[in-house]
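One structure below.
Residue numbering begins at 1 within each chain, and the chains themselves are lettered A, B, C and D in the order written.
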Amino acid sequence: MPGTPPTRFVYLGPEGTFTEAALRTLPAAERGMRTPARSVPEALEAVRSGDADAALVPLENSVGGAIPVTLDELATGSPLVITREVVIPVEFRLAARELIPLARIRTVAAHPQASAQCRNWLLAHLPDATVVDVLSNAAAAIAAAAGEYDAALCAPIGVPRNRLTVLADKVADHADAVTRFALLTRPGPVGEPTGDDVTSLAVSIRHDQVGALLAVLTELSVRGINLSRIESRPTGEQLGTYVFFLDCTGHVAETRMGEALQGLRRICAEVRFLGSYPRHRLTREDPVPSPPGLSDSDFADSAAWLSRLRAGEIH
Amino acid sequence: MPGTPPTRFVYLGPEGTFTEAALRTLPAAERGMRTPARSVPEALEAVRSGDADAALVPLENSVGGAIPVTLDELATGSPLVITREVVIPVEFRLAARELIPLARIRTVAAHPQASAQCRNWLLAHLPDATVVDVLSNAAAAIAAAAGEYDAALCAPIGVPRNRLTVLADKVADHADAVTRFALLTRPGPVGEPTGDDVTSLAVSIRHDQVGALLAVLTELSVRGINLSRIESRPTGEQLGTYVFFLDCTGHVAETRMGEALQGLRRICAEVRFLGSYPRHRLTREDPVPSPPGLSDSDFADSAAWLSRLRAGEIH
Amino acid sequence: MPGTPPTRFVYLGPEGTFTEAALRTLPAAERGMRTPARSVPEALEAVRSGDADAALVPLENSVGGAIPVTLDELATGSPLVITREVVIPVEFRLAARELIPLARIRTVAAHPQASAQCRNWLLAHLPDATVVDVLSNAAAAIAAAAGEYDAALCAPIGVPRNRLTVLADKVADHADAVTRFALLTRPGPVGEPTGDDVTSLAVSIRHDQVGALLAVLTELSVRGINLSRIESRPTGEQLGTYVFFLDCTGHVAETRMGEALQGLRRICAEVRFLGSYPRHRLTREDPVPSPPGLSDSDFADSAAWLSRLRAGEIH
Amino acid sequence: MPGTPPTRFVYLGPEGTFTEAALRTLPAAERGMRTPARSVPEALEAVRSGDADAALVPLENSVGGAIPVTLDELATGSPLVITREVVIPVEFRLAARELIPLARIRTVAAHPQASAQCRNWLLAHLPDATVVDVLSNAAAAIAAAAGEYDAALCAPIGVPRNRLTVLADKVADHADAVTRFALLTRPGPVGEPTGDDVTSLAVSIRHDQVGALLAVLTELSVRGINLSRIESRPTGEQLGTYVFFLDCTGHVAETRMGEALQGLRRICAEVRFLGSYPRHRLTREDPVPSPPGLSDSDFADSAAWLSRLRAGEIH
């Protein structure tokens, strides 16, 4: 039912990954039902079909970049919208069945994204170990617990689950690495603006056209809309044909965002609205005020002025 | 009374100039009362004070350019709007009290704008004559009729008025020279769009800022608004501070023009609306259709889409 | 001979106007020969034909705006360039044959630009006097001296010339009104940059094209070139066809100006270079430094980098 | 030795993938030495260290998008440049140890990118089979040959290598799917322009700035440079900080590209040149000519004009 807070949550599994940890930062999810899905498409399908109210899936990682499958799923199929974002620090743990010196480790199980984010750490601390690719962070922990490998690079949540012992904490090449997740629901009434919001869009653009992308950015910049993210994904049709994923500063209920969206709608092959939701900040930051002339009241003033012009009431 | 057609007309005099000829192309003026004014400010003052319903004054000439006093008057004082434009060909006549050979002409009276527009003709046909500046085309004819000068360069309408004889017809360096006049009234309900309209604006801009002018043009170009004219006039405050007079293609009642006007209102120090009115074309021309995505129905479609987004009704 | 300082000066006459006063602020002119011309075209013709080395003519007035005839002359005919600008305050004097109370003045002779710049002063101090248009400030003084009118509005220089008595000093509606003059010569080697220079251009643009003007401004803004002035003049061919006169901040010898000029040359129907010369400032102002990345050394750095790229020397 | 054609090639292995097939389309590679690498970083390291002359690695896939690791490797470390691109159609084969009916297949081994590109085909033809992720297309074929799974989705080259039997040919959801590979070498003299070239760049831009990206695109569009691809990758420092990978139409030896590169160099935090090389087209297409005013000869003309201006030779 539109407007009802979600109670049945699905998330990209397996259990014991960063996604489950991210989901549990939401009080409603902590209270509600949480079901792991085997893949992002499966998670979203559960929401689309009504089997779940909301799905938490990864959107991007500050080191590894966008999660392509999430973007591709959002750009196609029946519409889903982001109602919340969750940003959590990415800190891996090196864990094993028992406490052993690093020098004795010969094999480390790791998801390729995890080993990529820890490459320098691994070179420095485990120069002689072989890193073996596995299919998830949770799978790494399970395989180490089963004794298939000497150690695992895994999420903190995976350590107690598999009764592992931590050999190294906060393993990461980039101390500030974070992953950003999106909580997706079926479309419904959009939440109120908070003054520090994000509006996400998927915009289709013709290829070979610097002008087309310039036009998109100009529609935004004329209304003082900033971008906090731009990602391109191929449409699958041919090289050079893209969908752009834009994270814009502002909320669909704000006039300037509304006007910019209308502008994009008019000039682009397709614009898919992916939600307006509060920005999740790890540190307190003052929201940027509207540029001069671009607040809702500036728009209201100019609309009133235009009405007077049209009525011939110019004083 | 707003909406009542004007019956009392004032125009830049004296009688016998191109302005009177232009005014008489309007049926309502041909039927109504026509009073010459000694200057553009005097003509506009008559309308502002309610002594006249409408004033016809020159706006620009295709050879001599803008009429500065008209622009300056429109940019200041209580608002007036253009409700009609009249474009007429500028053809001077060389006239004298009686038929004399050109070779015998020693002095020619002419308004400086007239002699400027006929300079090459005068060099070719009257190489030895002295051109004497006088203060209007009508004054030239009067002075020639009084015998002060051998001949006058004047408007066709001045010849019979002063019982002069035409020595040369269609005198002009540029065969297609035209003058454009504006019919000004106090603000009232704006006429309906005709599909081929002009919207005139006076826009104040900070000096020393290529960026400020770029921003103004971008507000127009994003909405597919073209310019048929741009003139700058100093504000009188210091060098480099301008009011820009813009003639835009389109009508204030059209959505894209409305949105562009609101954009200008928000970014400019001041925007003065000078009217939306049918373009006067001397030759039949097909109006340019709206660029793709910028018709009123495109705007209506995008506004409806935005409403659906805001209501959470995305399908 | 190119490079030789001018010694024979011509200026827009008659004697006793602001132009003569402006010319005499130049030491070389004070020492050299100074000849009045009857018109701007006559003054420029003297330089073009070699009868004079340099001509001083008015370019614009902070109240009255551009001097159209000067712009039109610069845009056509054989090329001339501005080598100096002179900016002087415009202060009129009200003068008469003898000291009389203002209340007794019935007629005032004035050039129309002069009475326009003093309109409010005249309304306040001489509400009952009739202002009579004459053809120059000097003519006003001469006519008052001859007793044709009770008083004259004239330039300070006209008072002693005609043995008039000053009735009011510093007559002006705008206390800071200035007129800007250009010293024009035949093209020759351009002076060195001073760090606070102006480059003047006449640029031809297609009509009905907001895009064409946007393109011109973009060529400038991409290279961080600012405009201190933009004026449009009709080309005389048809309404809506313009030459734009641009005063740009910077000097043709600077790399970024050179690149911008090349860009304009490539995209415009015609670009006429009207000179690079030191900005004349009435008050001391610090010149604006190059924006980041746009100094000559930034250009030199990027050119060297490009050379290395092309040679395959990337380190 | 710079300029010597490469003879020692490395490619992303294992043997039997599309990358090996792509490499063998190059005659020099067919004649030379070809060594598989275990990863993109390992392949590039071999070139950087001098153990190999050139590395072929995948850049992007028309369905799956960019290959993140390739972009990240190109943006960091000692510079490498692209000297050739190879585009090949992506057609998977479904293969098994022996000819069996599709209905009997219970498990299919596939690399996740392969199963993603064939998802609809798999749903339609193998609705009941479980797709098992493996770490490469070659690994899929090997595992099927070993009997671990009933069938494999693999590259054509993997079928004979593992003595498999083809169950289905040209398996793909998008009939026109292609993968684009880059041949990377250490920097050296750049090849001659062919008239249909690509220039690849990695450009660092500040986050949260629609203006910064607009500025980059404007530097290109002012010089008529088009984009055939734009990809963003995080820098790893924080969310919202990107490197943009741009594929531009044109060659570094062309003047307009040179000027655009200099412009980017001046305004961007960092610009890394990744090579100018002939565009590989699967179908014959006429190259797009330079836009008006932007050919090398237009630039040469405008440069000559500027030299004349600076020398004072304006005629």
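Everything below uses one rule, namely that contacts are C-beta pairs under 8 Å (C-beta built on N, C-alpha and C of every residue); 3 or more make two chains touch, one makes a residue touch a chain.
Here is each chain with its UniProt name: A, B, C, D = Prephenate dehydratase.
Computed from a prediction, not measured in an experiment: that's the story for all the values here.
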Problem - Least hop count linking chain B (Prephenate dehydratase) to chain D (Prephenate dehydratase) through chains in contact - result: 2
Handout entry: Chain copies touching (chain B (Prephenate dehydratase), chain C (Prephenate dehydratase)) - same or different residues, decided at half shared
Key = same
Practice task
Return the distance between the CA-based centres of chain B (Prephenate dehydratase) and chain C (Prephenate dehydratase), expressed in whole Å.
Solution key: 26
Practice task
Please report how many Å separate the Cα centroid of chain A (Prephenate dehydratase) from that of chain B (Prephenate dehydratase), as a whole number.
Solution key: 57
Problem - Cα-centroid distance, chain A (Prephenate dehydratase) relative to chain C (Prephenate dehydratase), in whole angstrom - result: 59
Problem - Per-residue multi-chain contacts in chain A (Prephenate dehydratase), two or more chains - result: 218
Practice task
With chains as vertices and touches as edges, which is it: line, ring, star, complete or other?
Solution key: ring
Problem - Contacting chain pairs - touch in the sense defined above - result: A-B, A-D, B-C, C-D
Fill in the blank from the handout: Note: in the complex, chain A (Prephenate dehydratase) contacts chain B (Prephenate dehydratase) through residues 2, 79, 81, 187-190, 218-219, 222, 252-253, 258-259, 261-263, 265-267, 273, 293-294, 298-299, 301-303, 305-306, 309-315
Handout entry: Residues of chain D (Prephenate dehydratase) defined as touching chain A (Prephenate dehydratase) within the complex
Key = 60-65, 68-69, 87, 116, 133, 135, 173-174, 176-178, 180, 207-211, 213-214, 217-218, 220-221, 225-234, 236-240, 242, 249
